[in-house]
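Chain naming follows the written order as A, B and C, and within any one chain the residues start at number 1.
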């Protein structure tokens, strides 16, 4: 699923020479990364302790055992929940991209008052946080007879993501020159062909941004799954992870929770690292060269 | 007479390429949006004029009493103030840092992939875990920052950002920025990639410094990206409540009670769903107002540039 | 000649419309899955939420016990037990808020029948008219048996202390003596008879 076309004759990227200015640049970025990562070190070090170890999380790296990971893995039924998360996230993101690019097409191109109204109409959906409307939403879903399956939260993931995505794509769409579409029209391309083969590929940088941002919050979201899913077998990863929380009487088992947290973020990290190449290719190939 | 174009209403769509048939493309998104979002929101508006308590559906109309109560008991002003401070702080920091890092990562240095992953790392973790870790970072004395301060000779125990009502809001805003700047960075990176290299070359040949290149060429060309990011961060900042919940629970005092936090507190702790709905209606109106103002302002600047 | 046109058409479809096709397939899969779920859906006879209960017993076991006792057919009927919600002093306010949202959403969709929570919360929710008067649900002899554990307010019986319900005690729910739990029936429950059966079952007077 390579986003960018592989150009055989693409010249190898030339890196900046190591002038003092460049070295300074490297130092800045390295220092920045260190500062950014440091709080997360607590997560990693705590996850490597055994579940019973109650010393403060700040005592870093005092123990190295995989016991917490094992507990987290088995208790959460990781493979099943991982599959649920993957299916839900991938499915939602796919539909979001399709629906919102389609919706952004008339909004970004037609210049009437109606189109402008629709633009603001979608954006206004951003303002409302999901927690306030969850009760009417649950009632609506119930009235429509939607069963409580593991895919039910997908409906809400897509709906909540539409405002942002439509906003993003219609903004980007305005940057795509109309000449391309006009020449396709003159060449006799139908509306569908004009959209899917001409406009859609040009939206790649925006699509990548959309996939990353939306995919991320959908993966980590526990709110909709917790409201709509009951059976443990249908849990997604974040829900499974939060089962280790507790309260004053049964305190949360933080070591296991951190291990679960790492396990939950791991697929994301893997995907992100693996797709770095695609990422660069995709964005660069999608760039509109004048 | 035969060659006179058909008279159309003023402002109607007369384009040949972009016909009204395109509106069909809107249907799936619009349908879902209306059914699962707009309709529930309208129900929320309806609740705002009742005395619904969240559980029992045997409620009565109270007209605008909820609204007058909210306006008069001072909770609105307090949370408005907190939210504005929080929003401005997170928007400015998140965008400046996001843009700066995106620009650095857009140059031809090595290991960009690694740095990009590092910068995006905080965004990958759940907010609950992030909140918990940062309360350890902020812990006076033994916490990460406290420890660092002690090591360089300052008093680590006096450092208590979460416990001080003056600094708590900024402390949690920093957490929000820490987690969120990765997203703005990604969007800026995407925008920067569309900047034509040849324009920058021409600028360099003409003898511009890096800073001039940034100001005169890059910034104007990514102005639409800036608009998108700023609007999104503004809306997200005005809606913020996660860390108020996770880290400080509104305290100390009421210094971290943002708009949405106040709404939830009224709805779920005080069990006054009707009043909370009225509160959120007013909050929405406020956020829409700010957003529309910013949109117009930014769009105007886009066109000018 | 016809075959060539057909394969060409397919190839053309794939080349130009692969993304909408893929999305369509996904939507189709989810739709079929959901339809199948609707048709194979077991009838839910009871929905129970045990909030802040801290038990190690799985919801599946609780469901099996109740279905067996109530004489229901596990092949075609099911009972929902939710035990992972936290209201009080959770180490994460976010989780509490999500639990609360779930609670309110289920009541709003008229899905919740029986609910148990800590004493403090239970009484607070009575101010919002959450609980049904149990004297209209339970039979007299059961009321008498549990007399010592009934929670009364203004003449209405709103709940039962979980200490008096052996089945819940057996599961280890609400084990902390400092904060007792109370079980009640939601005012708009759709399954009154089943709720009554559950109360009897929990009190140890099950049919079996």
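By definition in this document, a contact is a pair of C-beta atoms (placed from the backbone, for glycine too) under 8 Å apart; a residue touches a chain by one contact, two chains touch by 3 or more.
Fair warning: this is a prediction, and the values are worked out from it, not measured in the lab.
Across the assembly, the mean Cα position most removed from that of chain A is the one of C. Measuring from the average of all protein CA coordinates, the nearest chain centre is that of A. One simple way to say how far apart two chains are is to compare their mean CA positions; for chain A and chain C this gives 31 Å. With centres defined as mean CA coordinates, chain C is found 35 Å away from chain B. Separating the CA-averaged centres of chain A and chain B is a span of 16 Å. Among the residues of chain B, those in touch with two or more other chains are 54, 127-128, 132, 264.
Of all residues in chain A, those that touch two or more other chains are 98, 131, 135-137, 139, 141, 222, 242, 245. Multi-chain contact residues of chain C (touching two or more other chains) are listed as 91-92, 95, 97, 101, 104, 108. Of all residues in chain A, those touching chain B in their complex are 13-16, 22, 25-26, 28-29, 32-33, 36-40, 42-43, 56-58, 98-100, 102-103, 105-107, 109-113, 118, 120, 122-129, 131-133, 135-137, 139-141, 144, 155-156, 158-160, 162-164, 166-168, 171-172, 174-175, 178, 181-182, 185, 191, 194-195, 205-206, 208-209, 212-213, 216, 220, 222, 238, 241-242, 245, 254, 257-258, 261, 264-265, 268-269, 272-273, 276-277, 279-280, 283-284, 286-290. The part of chain A that touches chain C in the complex is made up of residues 91, 94-95, 97-98, 131, 134-139, 141-142, 145-147, 149, 151, 154, 192-193, 196-197, 200, 222-223, 226-227, 230, 232, 242-243, 245-252. Residues 91-95, 97, 100-101, 104, 107-108, 124-125, 127-130, 187-188 of chain C touch chain B in their complex.
Chain C meets chain A in the complex at residues 16-17, 19-20, 22-23, 26-27, 29-30, 33-34, 37-38, 41, 52, 54, 58-60, 80, 82, 84, 86, 88-92, 95, 97-99, 101-102, 104-106, 108-111, 176, 179. Within the complex formed with chain C, the chain B residues making contact are 53-58, 127-128, 131-132, 242, 245-246, 249, 264, 268, 271.
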